[in-house]
Structures are given as C-alpha cells and as structure tokens.
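Please read the structure below before turning to the comments.
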Amino acid sequence: MKDKKIKNVFREGAISSEFIGNSIYKHQTKTSIGAHNIFLGQVRADEIDGKTVTAIDYTAYEDMANQKFHDIRESAFEKFDLTCMHIYHSLGTVKTGEICLFVFVSSPRRKVVFEALEYIVEAIKADVPVFGKEIFEDETHQWKKNT
Amino acid sequence: MKDKKIKNVFREGAISSEFIGNSIYKHQTKTSIGAHNIFLGQVRADEIDGKTVTAIDYTAYEDMANQKFHDIRESAFEKFDLTCMHIYHSLGTVKTGEICLFVFVSSPRRKVVFEALEYIVEAIKADVPVFGKEIFEDETHQWKKNT
Amino acid sequence: MNITVKYFGQIVDVTNKNQETIEIIDGQISDVLQLLNNKYELLKNKDFQIAQNQELVSLETKLTGAEIALLPPFSGG
Amino acid sequence: MNITVKYFGQIVDVTNKNQETIEIIDGQISDVLQLLNNKYELLKNKDFQIAQNQELVSLETKLTGAEIALLPPFSGG
C-alpha cells in the first residue's frame, strides 16, 4: 500500500534562485532551527567529443520516483533529528547554469544537517528513477550517467 | 606578513534570504559548476533556566578573524577542487530566526562540496575569534558556547 | 493477461514509444523480457532494471498483472 | 614598552573596557597576564587564550610590543 501523503517533488523546468531564497525566508519563523544545509544541483556545460552540453532534458517514472522520494524522506527523519526537509527536482528542460535539484534540511544542530544532507542526496542519485538527457548545441543528445 | 587581498567577511546585522538568493543567482553564469552546498547558521530561541533567547549580539577581533577566514579559504582551495567559495558572518544584533553565518561552496562534483563545506564550517567554529552574547527577554545575557 | 509496459530514458530510443500493452500468458518477468527482446532487437545492448508495480524486481519474480517499467541507469540531480 | 591590550566577549564583563595601553618592561606573555590578574581580580575565573600580533601564543612567548588580545572561547556561527 502506498502512503496517502506522498508529495509531488517535481517542478516543470529549472528551480529559480528566488524560489530558493523564498524557501529560506519561510524558515525564519522556526526558531528551534540552528542550522540549515542546502544542496543544489546545477547543469554543467560539459564538453564531450568536442560538443558542448547546452541543457539537460529530465524525465522520470513519476509515480515511482515520488514514492522513492517519500521513502527517502521518511528514512531521513527516522535516522536524523531534523526539523524540516524539502526536496525539489526539475522535469523537462534545464539549461546549463540552471538548477535542477534543491535539497534543504534543517535541524537544531549543525552536525546533523551535514550527515543528513549527504545521505539524502546520495539516496536520490541511487534510488530515484529520473533520467537526464544531455542536449548538445547541434541538437544531438547523450544519456547522462551519474558518477 | 599579512596577505593584501584579505576580504571583510563581516556584515552588520542579519544576513537576509534575498542576499542568499541573489548570491545563488550570480553563480548561474558559471557553467563548470555541477554542485553547490550552502550552510546557514540561524539564531535559535533556546530556553535556559526558564528564560528565552531573543537575539545574539556578535562581536569579533575583526582583523584576526578576517585573517583566519582568509587562511581557512586558502586551505580549503588547496584541499578541495572548488570553483567558488564565499563566507559571510554577522556582527551586532541578530534576532532569533535570523541568519548569522552563510557559507557557500561550489564545485564541478558533489562529493567535493560535502567534504569542503563541513571542513570550512568546523574550522570557522574552532579558529575564528567571534563571540556571541545571547540576550534574553529581560535583557540579561549569557555568553554563547559552541558545542 | 494484459500488462502495461513503460519505457524510460534511453530505452525509448530503442522502442520509439513510452508505453504499450502486451498480452502474455501467466509467467515471470523473464518471460516479458524475452518477448520484448524478440520485438526490439537493440534492447539486449541496453543496461536496465525492471520494476513491477513500482518496485524493482528480479527476472524470477512472478507476473502479477501490474504495470512493468524498463528503467535504464538513474541520472537524477 | 607600551602595549595595547584588547578585551573581547566575557572578558569585557570583567575589565569594563574594550582596550587599554599598559606599560611593561621587557618580558614574556606571562608578565602581562600577571599584571592584568593584579588589576582585575575576577580575571582568574575566566577561560581565555592570548593572542599577540593576531596569533595565539603561549605564556612563554616573548613580548614584541605588538598588540595583545584576551580571547575567551570562540562562539561564531
């Protein structure tokens, strides 16, 4: 059975810096928080065989992915003393220099946020069915591989 | 001899979420970056012996502190493959819920930013002569201790 | 039974479609895979995992009639 | 020689000033400390490190005439 409170982590297109700033702002009423840690994935203009990546086009097996994001969230709250946790991932086209992944954890204490953030980002990379197609200037593509 | 390019890390008062959002925005032209990691220290409304912290008043041995921030920066660039690194720390009054420390590292690869950010934040806590005075509602105070 | 099969990422480069319904007699995941390998010759060059009902499964897992997905290496973030 | 001594954090609660100039004959850090302990009785209850010319030094470090600072435990961030 799937949990009913599964959130949709996906956003169409890039995640803006205003959205991130605003998300930070909203946490300033939570005065038990002492430390935030934020991970941002940004699309790199990698050069591969003389061609430069201009964007990544993201697709996902959305239902399964949101379920996996939910499982990661539950597991992180169980393992770490977190006050808040937010994950956003792009779908569709994200140009180089733009942000495709935003993970935000908050806790009373700093040691906790370092451990929790790395755990969550590594779990996202390993467990969530999201697929990045690297688009070159000449509109050819290759499938992104995580390392 | 002191290096001539020592930056002033200190900002008067709290660090705003707009400032952080804008700092993220400025990195979107740097298309070799694949991962950002941001640490934010936020002032907690701790309750101590029945009294609640309402603000922290920060002072520093500014010249020595900026030199130490500079040393930490140099050492981090030497140890880790970082594209960018920024540190801002508040001086003066920062109210509960507001941000007093903003550390921002960027690199082509994610493993690097996790290691680098934790290294930098721990070094700041250990080596930089900054002093936090926790102010209670009744205007009494106690000196903050880092744990 | 009729089973919905979904394709993702570089698997779509081989199947040229995002999903289809296949008809198969009772069996296990490997039976679906054999059917798809016959239909799409280039599929055997591809690296992928298989999910049934949104959970990764092995070739020996029994078919339940739930949705199946062919998932190439994940590359989120 | 004349040496500027700076006070920070909870040390200021004892000295009631941020800095002062002391006159001292040639010697080492411990000589300055002794002078200050005589002047500020409550100082010996305080936990602090001493910097000379913005570097932490030990009690045996020779005085150079450069600025000295009394630094209680750091609590930045």
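For reference, chains read A, B, C and D in written order, and residue numbers begin at 1 within each chain.
In this section, a residue touches a chain if its C-beta (ideal position, glycine included) is under 8 Å from a C-beta of that chain, and two chains touch if they have at least 3 such contacts.
Keep in mind the model is a prediction, meaning the values are calculated, not measured.
Counting only chains that touch, the fewest steps needed to get from subunit A to subunit D is 2.
Chain centres were defined as the mean of their Cα atoms; on that basis the chain farthest from subunit A turns out to be D.
As a whole-number value, the distance joining the C-alpha centres of subunit B and subunit C reads 49 Å.
One finds 26 Å separating the Cα centroids of subunit B and subunit D. Inter-chain centre distance (subunit A to subunit B, centres taken as mean C-alpha positions): 23 Å.
Counting partners per residue, subunit C has 77 as the residues that reach two or more other chains. Among the residues of subunit A, those touching two or more other chains are numbered 41, 110, 121. Chain pairs that touch one another are A-B, A-C, B-D.
Interface of subunit A with subunit B (complex): residues 17-18, 20-22, 24-25, 27-45, 96-99, 106, 108-110, 113-114, 117-118, 121, 147. In the complex of the two chains, the subunit B residues touching subunit D come out as 41, 58-61, 63-65, 67, 89, 100-101, 121, 124-133, 143-146. Those residues of subunit C that touch subunit A in the shared complex are 6, 8-10, 51, 54, 69, 71-77.
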